[in-house]
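Shared chain: subunit A. Partners: subunit B in the first complex, subunit C in the second.
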Partner chain A sequence: MSLLLFILLPLLAIFLMPFYRAYLHYVSTVLSMALFGLALTCKAALPLVERVAVDLPLAITFELSSVSWLLVTLFTLSMSLFSLYHLRFSSNKALFVGTNMLLVGVIGLVLSRDIFNIYIFFEISSISAYLLTSLNQDAKAYGGAIRYMIIGAFASLFFLLSIMLIYLTIGVLDLQMIAQRFNLIDEQVQYLILLSLFIALGIKTELFGLNFWVPDVYQASRSAVSGLFSAMLSKSYLFLLFHLAYLLHVSTSQMAFLTLVAALTFAVAEFSALKSRETKRIFAFSTLGQIGLIALALSYGDTALTEAALFLIIVHALAKLMLFLALDLLERRLGSTKSEIFARFESLFLMAVFTVGALSLLGIPPFAGFAAKLSLLKGLAGLEAYGAMALILTVSLIEAAYLFRLLSGFRQGEQKMVVTLSPLERLIFGVMMFALLLLGLMPQPLLALCQEAAQAMLGGYHAAL
Partner chain B sequence: MFDSLHPLITMISLAIFGVALLGVLVKKNLFKIFLAFSVAESALFLFFIGNHYTPGLKAPIAADGITRFDPAFMVDPLPQAMILTTIVIGIAVSALGLSMVIRYYKLTGHMRIDKMDELGEEQ
Partner chain C sequence: MNLKRTLRVETLLVALLVSVTTLVLMQILLNLHLAGHSLGDEILHINAASTQSANAVTSVVTYFRGLDTLGEVSILFLSIFGVALHMPRGSKNLFSYHNTLLYIGVSILFPLMLLFGVYVILHGHLSPGGGFQGGVIIAGAFLLRFLTYGDHYELKERVVSLSESLSGAGFIVLGLLGLLVGDRIFTQILPLGTLGELLSGGVIELIYIFVGLKVSAEISLLAEHFVKAHNV
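Now for the complex of A and B:
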């Protein structure tokens, strides 16, 4: 089985678009489900390495390790759910191109083992994200897309600068070869490369102090698209940031700096969510907060914490995609995403969806978020990182305050609009709720996969330190 | 003379890069901001290609007597291929950005970053 299929099939589907212009939503669904199936079949053959074109050091190499497999499976699953949700809407060219390009970009980011190839997929995912942000074609959408492009272009420049410095000093582009020779180059150049990579990927990962327009971008995008950004885009960059950090064996003091930035992201984002009254913006801040939390866990470079972080990545992606899709449904029916809409609709099923999603984010048993936060706290306790534990517990209270405030809207209002869901919508949301419950009750199988992935991700990081 | 070539190229290109970044930060007109990004990107191209240029070696093109890959006679072809790819990506991003600026201008009547308040009180 060729890993190139994950890249080529969506691209081919885009190029052949004129032949099935009226059936794009069906093609997208079949394609993403086929890729999800393909990802599942790859599990038995891990790790898979594929070299394209020529030999090293010029070869383009793709690698499907335990960790990239976990992420590719998550991305194709998220895309399948997104496409299934869009089945009842009419065929949309821009949405088809944007989402499939985004899928190519994020899969390429986690599969590539070549820094320049990563740059190509970095740009592919960025361009598709700009396109998807502007889908509504109004001033708000274009304003959000332009802001996103400006901050994205900044990230792109610094990523390019780091690649150039790497090639000028090391002379190769293959990640493994870079990792082997990185410590041999001048220390000041090392710092410059790491700083450029931190700026580029910190902006893309949406870390505090680097990307201040994220909530605006989420707010300007369609709710369902924001769900894709939260489930796929931010997760792929987060993986890339720490994958490179572990590969280049960054020092403990540099990792401590990342811990600080991650903790700030977590705290500031959750506090900001508290004062917002716009649901999409609240979910955007919540995403930022969770990214901070995941980055905090990854910054310790510890196997148990990396395992917990990977588990949280999956659980958060599922919960946030579900919440954003449910919000999209409400936005289409009620024409708004202000928090007051929770008092304006009547649907027991949708209320259950929002409640399950919020409880999972908070880490309330028996939902998956609880298992994720519990393993994270256990990992921190193992390292005696009591400050981080206190921060997580304190900030979780703030998270509870704004999420319960949102949910309390259900009890308010008198003249409510009855919102009915189609059988397919009930099936999609039902499957997602069931998955969050099942992963909460029986987290062990997924935790075992995350443990394997964590070991693959950390590689020889500890030994090198 | 050639010993000072690479430091000179580095200084000039990084100076242009710095000025362009300053342009991104201080300019309010969206068109000028995207223009500044293009200049910054070009400065990086100059830095990279310039540092891989060695006087006396030929361009890595299968012509002018070059028939095989031999680093003794030609400059490293990889940076050139990388920059060509990056130029294409840069043009695509600039075109997309400017088309969005035009659409935004048609909808709002301005293209100033400090006046972008279309989210209004929704925040």
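Now for the complex of A and C:
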């Protein structure tokens, strides 16, 4: 089985679009589910390494390790759920192209082991994200998309600068070969490369200081699309940032800098969510907060914490996709995403969806978020990082404040609109809620996969330090 | 003149930051120790044996880094799709020049430009040029027609859409065939031929034909969207 199928099949489906213009939603669903199935079948053969066209040092290498497998499976699953949710709407060309190109981009980002090839997927995922942000075709959507495009152009510029410096000084593009020779180049150039990569990927990962644009983009996008950004886009860049950091053996002081930035991302985002009164913005800030938390765990370069971070990536992607899809449903019915809408609808099922999602984000048992935060705190305790533990526990209180304030809306309001869900919608949300509950009650199988993935991701990082 | 009023502190700070960063960058770049060898040397070394293409740049673009090119084609498609989505075509051509001289000139130039575009695409593995350049030349010919014929000329949407779709799909199918026949994408499934001859380079020529078709269709479409932009 070739790993390139994950890239070629969606691209083929996009290019052949004129032949099934009226059935794009069905094609998207079948395609994403087929890719999800394909990812599952690859598990037995891990790790898979594939070279394109010729041998090293010229070849572009694709690698499906335990960690990239976990992410590819997560992305294809998220896309399957997203496509299933959109089955009841009519065929939409822009949504089909944007989402499937986004899938190609994020899968390429985690599979490719060639820095220039990664840049190609960086651009594919960026341009499809701009397209998806502007889908609503109103002033807010265009404003968000243009802002995203400008900041994205800066990220591309810095990424290209790092590629140029790498190629000029090391002479190769393969990540493994770059890692072997990175320490041999001038120290100043090393710093410049790392700084450029940090700015480029920091913007895309949505880290503190480089993430001021995120809430506007999430607010400008359709809620369901924001869910996809949260589940796939930010996660792929988060992986790429730390994969490169481990591979290039960044020093402990540079990792400490990442820890600081991650902690600030986490704290500032959660405080900002507390001030916001718009649900989409609250969820956007919450996403930023969780990204900060994941980055904080990854920045220690420790196996137990990386395992917890990977678990949190999956749990957060599922919970946030579910919340954004539910919000999309409400937005379509009530025409707003202000936090007051929670007092304007009546649907026990949707209330359960929002409650399960919020409780999982908070880390309340028996939901998956609890298992994720527990393993995170255990990992930090193992390293005696009591400051980080205190920060997580304190900021979680702020998280609880705004999420419970949001949920308390259910009890307010008198004239409520009854929102009914189709059987398919009930099935999608039901599966997601069940997954969050199951992963909370029985986290061990997924934690074992995450442990394997953490070891693959860290590679020889410890040994080098 | 009050300097405080004309230049804001933020502007001065940004200018200072940019200047310092530029100086630091220049200092590092001027003292850069370049790598002893680059991939270029390796490519020149194995190019003839693996592709029989006289133009090594083309070998890199279509064969050694064919996957990157497929990505670039996708980026171009995505960008033009975005423009077309947000800039719907109107019926009125905004750049109509009713000029007899232009009409006669374009009548002569149009077929010549098409021919030249096709020549550049087909000779991409022999001389500077290829699918991207040839495709843009062909699109340039259509742009001239838009300027000359005004509202009376429009692209046949179905034809453009089909050529764009099939050429993109053809590029991918070629890659899939490579995976099926060999174990790599863009495996040389066609005879390599003799270096310097028109029929040489194996799959390279086919890739450039697909790229040329796709680029010409997309850039022509882009040109039409700009000259017939709705609500400008």
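Points worth noting:
Following the convention adopted for this analysis, the second predicted complex is superposed on the first by the 465 of 465 C-alpha atoms of A that agree within 3 Å, B and C clash if a C-alpha of one lies under 4 Å from a C-alpha of the other, contacts with A are read in each partner's own complex, and residues count from 1 in each chain.
As a working rule, a residue touches a chain if its C-beta (ideal position, glycine included) is under 8 Å from a C-beta of that chain, and two chains touch if they have at least 3 such contacts.
These numbers were taken from a predicted model, which means no experiment stands behind them.
By the touch criterion stated above, A:52 is placed in contact with subunit C alone, subunit B being left untouched. Of the two partner chains, both subunit B and subunit C are touched by A:137. Legend: residue contacts after superposition of the two complexes on their common chain; A:127 is shown touching both subunit B and subunit C. When both complexes are overlaid on chain A, the residue A:167 reaches subunit B and subunit C alike.
With both structures placed on the common chain, the touch criterion links A:8 to subunit C but leaves subunit B unconnected. When the two structures are aligned on the shared chain, A:427 is found in touch with neither subunit B nor subunit C.
When the two structures are aligned on the shared chain, A:338 is found in touch with subunit B, with no touch to subunit C.
Once chain A of one complex is fitted onto chain A of the other, the partner contacts of A:117 are limited to subunit C, with no touch recorded for subunit B. Taking subunit B and subunit C in turn and counting the residues of subunit A each one touches, the greater count comes from C. Once the two complexes are overlaid on chain A, the subunit A residues touched by subunit B in the first and by subunit C in the second are 58, 116, 120, 123, 127, 130-131, 134, 137, 142, 167-168, 173. Subunit A makes touch with subunit C in their complex at residues 2, 4, 7-8, 11-12, 14-19, 51-54, 57-58, 60, 94, 97, 101, 104, 108, 116-117, 120-121, 123-124, 127-128, 130-131, 134, 137, 142, 165, 167-173, 185-186, 188-189, 192. Put simply, subunit B touches subunit A in their complex at residues 21, 24, 30, 33-34, 37, 40-41, 44, 47-48, 51-52, 78-79, 82, 85-86, 89, 92-93, 96-97, 100-101, 103-104, 107-108, 113, 116, 118-119, 122-123.
Contact residues on subunit A toward subunit B in their complex (touch as defined above): 58, 116, 119-120, 123, 126-127, 130-131, 134, 137-140, 142-143, 145-147, 149-150, 153-154, 156-157, 160-161, 163-164, 167-168, 173, 215-216, 219-220, 276, 278, 281, 338.
Within the complex, the subunit C residues that touch subunit A are 25, 28, 31-39, 42-43, 46, 50, 63-68, 70-72, 74-75, 77-79, 81-82, 85-86, 161-162, 164-165, 168-169, 172-173, 175-176, 179, 184-186.
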